[in-house]
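Two complexes, one shared chain (chain A), two partners (chain B, chain C).
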Partner chain A sequence: MPKVLVCYKWVLDEQDIKINLGDLSLDSSRAKYKISDYDKNAIEEATLLIEAHGGNVDALTFGSDKVKQSLKDALSRGPGSVQWIGDAAFEQADAFVTANVLAAAIRKNGTYDLILCGEGSADSYNQQVAPRLAALLEIPAITFVQKLCMDGSRTIATRKLGDCTEVVEVEGPAVISVLPEINKPRIPSLKQVMAAAKKPSQEIKLVELELSADDIIPKTVSVSVKGYIMNRKNILFKEASHADNVAKLVASLAQEGLC
Partner chain B sequence: MSEEEKFDAIIIGAGPAGAACAYVLAKEGKNVILIERGATAGEKNVTGGRLYTYAMELVEPGLYKEAPMQRKVVREQIMMMSANSAITADYVNYDFGTEVPQSFTVLRTPFDEWFAAQAEEQGVMLACGILVEDLIERDGKVVGVRAGDDEIYADVVVAADGVNSFIAQKAGLRDDISSHAVAVGAKEIIELPSRVIEDRFNLTGDEGAARMLVGGTDGVLGGGFMYTNSNSISLGVVLSPEDLARHGKKIHEILQDLKMHPAIYSLIKDGTTVEYGAHLVPEIGFSGMPKKLYRNGLLVVGDAAGMCMNTGTILRGIDLAIVSGVAAARAILANKGASDVGAAYMQQLEELQLLPTMRLYSKYHEILSNPRMISTYPNMANEIMKMIFGVDGTLPKRIDKAMLGIVKRHVTFGQIVADGWKGFKATT
Partner chain C sequence: MSYALTEEQQLIQQSAREFTQEYIEPIASEIDHASIHPSAVVQLMAEHDFLGLYLPEEFGGASAGYLSYVLIIEEISRMSGAVASILINHASLAAYCVNRFGTVKQKQAYLPALCSGEKLGAFALTEPGAAPGAGMHKVVAAKEGDNYVLNGRKCYIANGGVADVYVVFALTSPEAGTKGMSAFIVDGNTAGLTVSRTVGKMGLRGCQSAELVFENVIVSSHNLLGSEGVGMKIAQQAQLAASVAEGAQVVGIAQAAMDDAVRYGKERIQFGRPIAAFPAIQTMLAEMATNIYIARLAVYDAASLIERDKPFMKEAAMVKLFTGRIGQSALIDVIQIEGGYGYSQEMIASRFYRDIKGAVINESSADFPEKVIAKDLLA
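What follows is the complex of A and B.
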């Protein structure tokens, strides 16, 4: 029975972030946090796998000291336990640091049959953590996954490549990064939320990971983050259902601070 | 029904009533689940308001000191507005804010989230993002709730699900809302630097002002309110939906006109509207409450029970919600494991002075529903002020005669007597 790990990031909800039109700075003072969208897909996929094959799924996250708030939501989505590293170092962390921290935490726990991540995070969308994690753990990485199956120790993944799809097979442990179309994350039910309250969570202190100072110094430093204004947006909402179009329109306007 | 899934109490709605009830029960070791439809407690709330701390003291003495309050109210103001003028009565008392009686302005989103988190720390299981769809009944008794495919059970279910209480309707305790039993409110939160607010309202540090607005609603029955928060102003109107329809007006237009009134505009100018919300308010008071607030296995608290009051000088709702939550908790605690705690709940509502207070003000709604209260008298008072303070070099009229002339233009003698008598009767 597979032993699956899913990594997620606790990010500011981009819908709550407003762009100040004057200096294009971002106003996140009213923003709430959420589990990064694609990571919700990763959690759902991990949960679907163990629902189909048995086994168990654990969750792992690295975030700021606020990341503890995410545990209940994460656990209500399926994982049987969660480990979290909440540290101020997260504020400056780039994909290099995040991958180092996650890999060290994973090594502490032993091995997993599969490690699932979202293709990229909802905030910086570097698409780096999954491949870096695979490199550090010396196992294969499969990216852009839109379909995932397990057959014994083999994993079969369908990758989306522009207009084509590629089916790949891997034997043994691997890191998989998933695309949003792979599934529709569940809305946790009452019983799932209740069960989450009883599931174990464990804090791992950054120092316990025995990383060297170099490992937690970011290679890439964010100099500034600014809003980007296009002359014309030319956004067309072309969903089949008008309700979806309206919802997308309103979300888009809210993001611009226009409603 | 497996025993491990049975709670001592299921509380629906993590607003002030639900959180207060859950907190008190969990503190006494009860196994409580607090179910909230929003992704977080407070997410669905748009009430701008104030909290009287006596209610929080019933939950846990001193707890309010840790709450995310905005400003302690030391200035109580009533503003009578006419088209281009206003009279403001400003009562300031610097003893307010040191001990009860005291009140703080609050923003409900952070406050509710904080309050629910306090309940959680006491051991309450907080389940957010869950919509309770139905009550489960056995032999005429409420035994649990249903959400999606899930069913959970409890000795007592507490409906704290707000003004348009779906649960109270499901239980047959109240009908679907009718337009005369509720008011509709619209509110903006307008951000301004805290120093600007302090200068404009004559405040120092964390002091705050609460202002009732009479008139200024384009002749539509209702009124307005203004609360100073730390770095924003809550400005809103609460109006009769029937009268809005009668006047063919929209609530957001009236709020916009109010913002543009010169006596209001100067207080909010250069501010940024950061939040706009509209909501139903169970404003009618005692007569708007369901005839019965309980069934076997079910208690109704807070806005769901219509516990809200407009005395003409202050609006109360959040404190009543908290008190009713405490009353429900005490009734449950006093009757270990029993489901039929309705009578005990009613007794608690009497002892905590909630029902006596609501009865005392029960006739106020009628007075405030008199169109003369929201346009004729404010206009008349403003005209008298103009007469008194306006100097144009001509020979002034004798004040008594001039005043009588103004009064006669606005109302008949009979109306004054009738309104005065109603006011006298309502307060005695």
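What follows is the complex of A and C.
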């Protein structure tokens, strides 16, 4: 029976983030946190796998000191247990640091048949953690997965690549990053929410992972984050005949590559 | 007292919000227009444990508490007052009576099915000429051996005709008036119980209201709730518990309507400015936001009293009285702010306007809450 791990990120809900119109700075003072959207797909897929094949799903997350708030939310969606690393180092962490931390935590726990991640996070969307994790653990990475099946020790994944799909097969453990179309995450029932409180959660301190100082120094540093406002072009077509207006509109849309 | 919700309550609220956005928002207008009981939504609510969410785990519920329950009613009401009414009549009235006043055997027989959604509940008190809490009831239950035989008519019964289990109030001692009233659990398919007609309504359309006819309906004495003569006491307590849920319904509807008015006020340009820039509009919005805030606190407080098994009748009546006033005034102002747009039939503000009136008058004749409050004060 498969042993599956799912990694998730606890992010600010982008819907709650306001852009200050003056300097385009972001105001997240009223923003709530959520499990990153595609990670919800990863949790759902992991849960579907064990519902079909038996086995168990554990969850793992690395975040700030606020990440503890995510545990019951994650557990209500299917995993049987969760491990969390909450540390101030997360605030500046890039994909390099995140993958180092997650890989160290996974090594500490032994092996998994599959490790699932979302394709990218809702905040930075670097799409790097899953492949980096696979490299660190020296197991294959399968990205852009829109369909996943397990058959004994084999895993068969359908990858979405632009306008075609590729089916790949892998033997033994692998890291899989999933696209949102792979499933529709369940809305936890109230009994699942209530049951989450009784499932085990375990904190792992960053120091316990025995990472070197270099492992937790980000390679990329965020210099600034600003809102992006798309200004309207305010183009008015004022030709005498509607036919001319339509022709100009179509030409304008074609120029933008929209038709 | 602080109302920082617990982690579970916040998750339940979030889960309910995801649920209502996914399953109720897309069809809320259609439920209103078609005025048809949304059985698929009720089934989904059952699958997500909404139907028995505050009821005990041992009888199939989720034991999530009454405060969590009103949080869910509030979320549902932001999308559809009608769906909230279906749940309130099922959970706060029918299932409440069985859970609060039933024997262990009665609970075992009825609660698991009411929690799982296999059966939907309804509360049959009102009769032609006898409003809730007012007396003048005529439906009788005559004792014959081990059974009671029910005869008479009930009207405006929410979930009537779609429910499988009715908590029915009938006079076992007609000469004693309301003191001779008793409560019975009656299966919807019992011979002699028929729906004579459904009633078209101004709002809360989709929560079906029906007239029920009892013609020699035989009910086992095992289905008597409590003892003979305590029917009115059971009815009043259930109605007040439901008043708290209806308070949450009013808060949910008013909040959604205000959110709509805020959005409209920012978008609608008059005299070169968004109308939200005008003091008259701001005053209306500020007043309704304040009232909704205070009403919500009162609803949560009364719900937590019920959850902790404390006396709640006075506070529930206060919730009914206050939310009734502020809910209606909020919707009058929302329509005023939105003008012709809000008055249009296809706009949600007009639906909320019609729904909130229903939420306010349910379980309450005009002065029922005041009587309950004054009785407590003067006792």
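The rule is simple: the second predicted complex is superposed on the first by the 232 of 259 C-alpha atoms of A that agree within 3 Å, B and C clash if a C-alpha of one lies under 4 Å from a C-alpha of the other, contacts with A are read in each partner's own complex, and residues count from 1 in each chain.
Here is the rule we go by: contacts are C-beta pairs under 8 Å (C-beta built on N, C-alpha and C of every residue); 3 or more make two chains touch, one makes a residue touch a chain.
Because the structure is a prediction, the values reported are computed rather than measured.
Chemist: For the three-chain model obtained by superposing on chain A, do chain B and chain C clash or fit?
Modeler: clash
Chemist: Once the structures are superposed on A, label A:Asn41 by its partner contacts, choosing first (chain B), second (chain C), both or neither.
Modeler: neither
Chemist: Taking the superposition on A as described, I'd like to know which of chain B and chain C A:Arg30 touches: first, second, both or neither.
Modeler: A:Arg30 sits against chain B, while chain C stays out of touch.
Chemist: State whether A:Leu190 touches chain B only (first), chain C only (second), both chains, or neither.
Modeler: Touch partners of A:Leu190: chain B and chain C.
Chemist: Check each of 58-66, 148-156 or 346-354 in chain C against chain B and return the one that clashes.
Modeler: The segment of chain C occupying space taken by chain B is 58-66.
Chemist: So chain A touches chain B in one structure and chain C in the other; where do those two contact lists coincide?
Modeler: Residues 187-191, 193-194, 197, which sit in both footprints.
Chemist: Taking the touch rule as given, give the residues of chain A at its contact with chain B in the complex, in rising order.
Modeler: Checking each residue of chain A against chain B gives 30, 32, 187-191, 193-194, 197.
Chemist: Give every residue of chain B touching chain A within the complex, in rising order.
Modeler: Checking each residue of chain B against chain A gives 33, 35, 40, 125, 127-130, 147-150, 152, 274.
Chemist: Please name which positions on chain A make contact with chain C in the complex.
Modeler: My answer: residues 69, 72-73, 76, 187-191, 193-194, 196-197.
Chemist: Once bound in the complex, which stretches of chain C touch chain A?
Modeler: Result: residues 7-8, 11-12, 14-15, 18-19, 22, 47-50, 53, 62-64, 68 of chain C touch chain A.
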